[in-house]
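There are two complexes below, and they share chain A, which is joined by chain B in the first and by chain C in the second.
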Partner chain A sequence: MEQRRKERIDRGIKVRADGLYALMSWRELGYLILPRMVLIVGMLILPFVMPSMYWQRVISIVCIYALLAVSFDFLAHFVGLVSLGGALFIGVGGYLSAIMNTSFGFPPLLAIPIATIAGAAICTLLLFPCLRLRGVYFAIVSLMYPLAMTRVIEALDILGGTDGIMGVDSFPNRWIEQYFVILMVLLFLFGARRLVNMDLGLVLRAVKDNDQAVRASGMSITFYKAVAVFISSAMGCLGGACLVHIYMWSGMSLFALDFSILPIAATVIGGAGTIVGPVLGCLILVPVSELLREFGTLRIVFYSVILVAFIVFRSEGIMVYGQRKYHQIERWVKV
Partner chain B sequence: MSDQPILEAKDVTKTFGGILALNRVSFHVNEGEILGIIGPNGSGKTTLINCITAFIKMTSGKVFFRGKDISRKPAHKIADMGLTRTFQIMRPYYSLPAYKNLVIPLFSPRAKRTGGWRGGGKLGDRNTVGIDILEEIGFERDSFVPYKMASTLPTGYLKRLELARCLALKPEIILCDEVFSGLSMSEIASMVPLIERLQMDGIALVMIEHRLRELFRVARRIMVLNFGEKLIEGTPEEVMADEKVKEAYFGSEEVEEVMTYA
Partner chain C sequence: MAILIYGTINSVALALMALGFALVYGISRVPNFAHGALYVITGFIAWSLLRTLGLNYFLSIVLAIIAIGVVGALMYQFVLIRVRGMAISEIIASYAIGLAILEGLRWGGFKGSTYTLPVFIEGSINIGDIPVDLHRILVVGIGVAVVIFLWLFTHYTRIGLALRGMAQDERAALMLGIDSDVMAVVAMASGAMLAGLAGIVLLPLGNIVVEKGYDVLIQAIAVCIVGGLGSWMGAVLAAFLIGFAQILTVVYLGAHFQMVVALLAIILTLILRPSGLFGRQKELEERV
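And then the complex of A and B:
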């Protein structure tokens, strides 16, 4: 009986090896650039493809979730800290930017960077006590903060209490809003991808791989974890700051758990550990959840079914699957 | 300077619950010397290294490095001072190639400060420095070995990688936790000259070993531990002639080896 078997051949191995080989020919250069260009150009023309106000708003939200997802993937798969603190980052960044804008009169494009840096510093300080511990503690504490924050704001009636802070300035116009968030996603996406291959990134990955050996190399793991949390929470705070100026309102819903959970779902769908995967995951999940609005309360059921299907049938994620298809030629051969 | 020991431990004691793992162990290591620590399984050798390098907190006792009290310092500060260690169970970064494993110690404050490595800085080449160190320690430069993932390397290379990680820090003393264990005879034979060269470079070594024959080739002073207590300290000949040592080793695998020395 004739038997067939699937053969997988690596393609363009030179391109993926390292550095200079990629420049050997236009073909190889194109091979490298093409997928990146598809993403960059695709993101940049999105506002034109989707001209309605409603879908433009969705694109902005996608970008904010994408920032959170990149931040989650970076922290979880390159530093080994599973963060459920997306809501904390969004909340701290959002409230800070709203305060900067309403109380001190900073324009949005100045308030956002300040809120990003200051918010990241605050989040790092808040999470610092559990950085010394290994295990699930970081996840638990980062989940606890957003829950605690809403209660604190509610009970003490600070920061506008349950009404939130109103009258926050919006971006000068909606094109600036769109392109600001899109460029930020691209910047942090490629920035994070570069960071994890730099020497500092290697140290962070080493902390995940083997923290005792990092200590034996004369480096404080707590310090490097703090650096990573700062970078990661900066992305989240940036997202929160943008969100506040998009909604022109800052309230307790910034600490909603959606911001912690959806990025994780997006990471699962997109492909964990690829950094670009989570962005793709958000590009799929957020619009899908919008389209499912028509189903009313059944929405969450469909949403869960999609998630479960992905986990069961493509648990590696779209990006890992896609990379494999792109880098390998598959064909059937007779045995 | 010369008569001050580089490392001195005084009454190091460690209890795990009710178990006395180390009972008032004191020893010293002189400049450029190799001190061997032997003892049956479970006698507290690795615990001693862990205590000195602060990977576990000791219950009581003091450790001095070049006269400075380091008993309350955190592990990374101790490594930063030049007191480095290897792990008995190798701890490479499995997801990285061998030479990238050395980028991490080369990134440390101590490596930046001592800066004896060529190139480096903005030109980026922790990679080349890493490969240089690997070549020094016995990785074949022109082969694939330094570029292989640490997870695919055999034990012999991983043991060397442990040493290389210490060397990247320009250490003053290395505490080696069983660098010979799990190696074939030929691998050990190629490792011994390496140890001798480290000594010639002026690095002091503390070696925990079960391979007594090879250890006695390099170490002139031996300390024996048994049940967390120091039995005796002296030259290999003195140690092996001792009745208490024979008794401690009696019944263990190494007994024949000990007896041949006695």
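And then the complex of A and C:
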């Protein structure tokens, strides 16, 4: 019997467009720029094509989840730390920004950056104890923090207790709101992609693959993990800070499960380890989840089932699949 | 005296919650983040059998525990086995299964105070001058029985010895003809049954609510980390440590802080003795 196998070969143009050779012609440049421009232009015109105020608000929410998903992907697939508690970042960033705004009277566009940096520092400090260890500790502790945070707020009745903090200023207008979050997503998305290819990113990937080798090179693994957690939680806190100013309210629901599970689902669906994939995943999942809003917590069941299905049967995700189709030709050859 | 009695009861309850998690992690190195969900759903299965089908209480308990064992085995056989060894996927997949179960139950309307299981024995007795209801005493008895049973099972039966062999060195176990996949399914099923048993024994003390799933998961994990992940005896001893700490906080600070104790215990353990109080065996592997 004749046996065949599928062969994959890089397209000529992909090889030609690698590195400096991309500058040889407009065609190669276009080949490289096209997918990026589709994403950037697509994101920028989204607010205009949305039919109603409601869907424009959904775009902002998509962007916040996208920030969180990029931070999850960066941490999980480039540093090897699985964070099950994205809600911690959202919550810390959100509450900080709300406090900055209501207690100190900072305008949103000043409160958000401060909350981002300070929140990232707080999150890094909270998660520091488990950075010295390998294994599942980080996942466990990051899972616990959001759940424990709500208990602490409830028990001590601090930060507005169960009512939350009301009267947070909104963005000056909705166009600034949307373009601010969209630009932030693009900035952090391409920033993270650049980062993982820089020296720092190289060390971080080495921490994931072979931490003993990093240690043997005289670098502190814990320090680099802390740096990575700082970067990643900064993205999450930025998202939380924006969210508070969009909803004009900060409360315990910032620590809700949605923020922990949806970014993970988006990452798995979009393509783990690509940084862009999670953004695509959010662009698909969040609107679907808005459509399912009336089903309440069934949405979480829905993400979870999709998540398990993708992880078991299609673990590569949309983006990796797309990249393969874009860069390679496939054909059947006789063995 | 009251602290001593209720501390012991609470500790045994924690040990019951944690044993299933410790067993699965110790044998197949799969952190079962669906543990809390299995605990809660067993309660609901037993409740449905008891109230909706009107079965005998004892029979519905047995059926519920068997059902949850099957669920655990299926979960491993169809999902977790495919991602075995990939830490990220294992965590995400088991967590997602747990979430699907818990939030599915919440969506299905299983909330509020309508769902309670009856206690096994009514009534209470006085120890010294402190009244303790008989069910709580039974909890201690069952907890001790389970620990003894597990010890005997893992030291004197073929399957138990095979499980311990897997836990110590999977490759050597494979060479001796132990099928690691089958054993991992057995471990997962027994872990799920332990979670279910804990649920059946402890849930009559309160309402069956979905939130308990998260609490139980966190408390089980806290106990396992303090005791050293994968060490069963460590888990039992850590349960006593955390159990008494919790009761003391409840008495002197207030009930809200109970969960904070678990978190603090984890953080302190990770700072002071990262591999747990009794986790010497894997110490070198986990510390970086």
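One rule holds for everything that comes next: the second predicted complex is superposed on the first by the 291 of 335 C-alpha atoms of A that agree within 3 Å, B and C clash if a C-alpha of one lies under 4 Å from a C-alpha of the other, contacts with A are read in each partner's own complex, and residues count from 1 in each chain.
As a working rule, a contact is a pair of C-beta atoms (placed from the backbone, for glycine too) under 8 Å apart; a residue touches a chain by one contact, two chains touch by 3 or more.
The model shown is predicted, which means the values in this text are computed figures rather than measured ones.
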item: Touched partner set for A:V203, first chain B, second chain C, both or neither; value: first
item: Partner chain in contact with A:E294 - chain B first, chain C second, else both or neither; value: neither
item: Contacts of A:E154 with chain B and chain C, given as first, second, both or neither; value: second
item: Contacts of A:E2 with chain B and chain C, given as first, second, both or neither; value: neither
item: Partner chain(s) touched by A:D10 [first = chain B, second = chain C, both, neither]; value: neither
item: First (chain B), second (chain C), both or neither touched by A:V305; value: second
item: When both partners are placed on the shared chain, which of chain B and chain C touches more of chain A; value: C
item: First, second, both or neither for A:R215, with chain B first and chain C second; value: both
item: Which of chain B and chain C A:V136 touches, first, second, both or neither; value: second
item: Interface residues of chain A shared between complexes with chain B and chain C; value: 215, 221
item: Residues of chain A defined as touching chain C within the complex; value: 76-77, 80, 82, 84, 129-130, 132-137, 139-141, 143-145, 147-148, 151-152, 154-156, 211, 215, 221-222, 257, 261, 264-265, 268, 272, 295-298, 300-301, 303-305, 307-308, 311-312, 315
item: Touch list for chain B against partner chain A, complex; value: 53, 55, 74-77, 79-80, 84-85, 87, 91-96, 100, 103-111, 124, 126, 165-166, 168-169
item: Touch list for chain C against partner chain A, complex; value: 31, 33, 78-79, 82-83, 87-89, 91-93, 95-97, 99-100, 103-104, 106-107, 214, 218, 221-222, 225, 229, 254, 256-257, 259-260, 262-263, 266-267, 270-271, 274, 285-288
item: Complex contact set, residues of chain A against chain B; value: 199-200, 202-203, 205-206, 209-210, 212-221
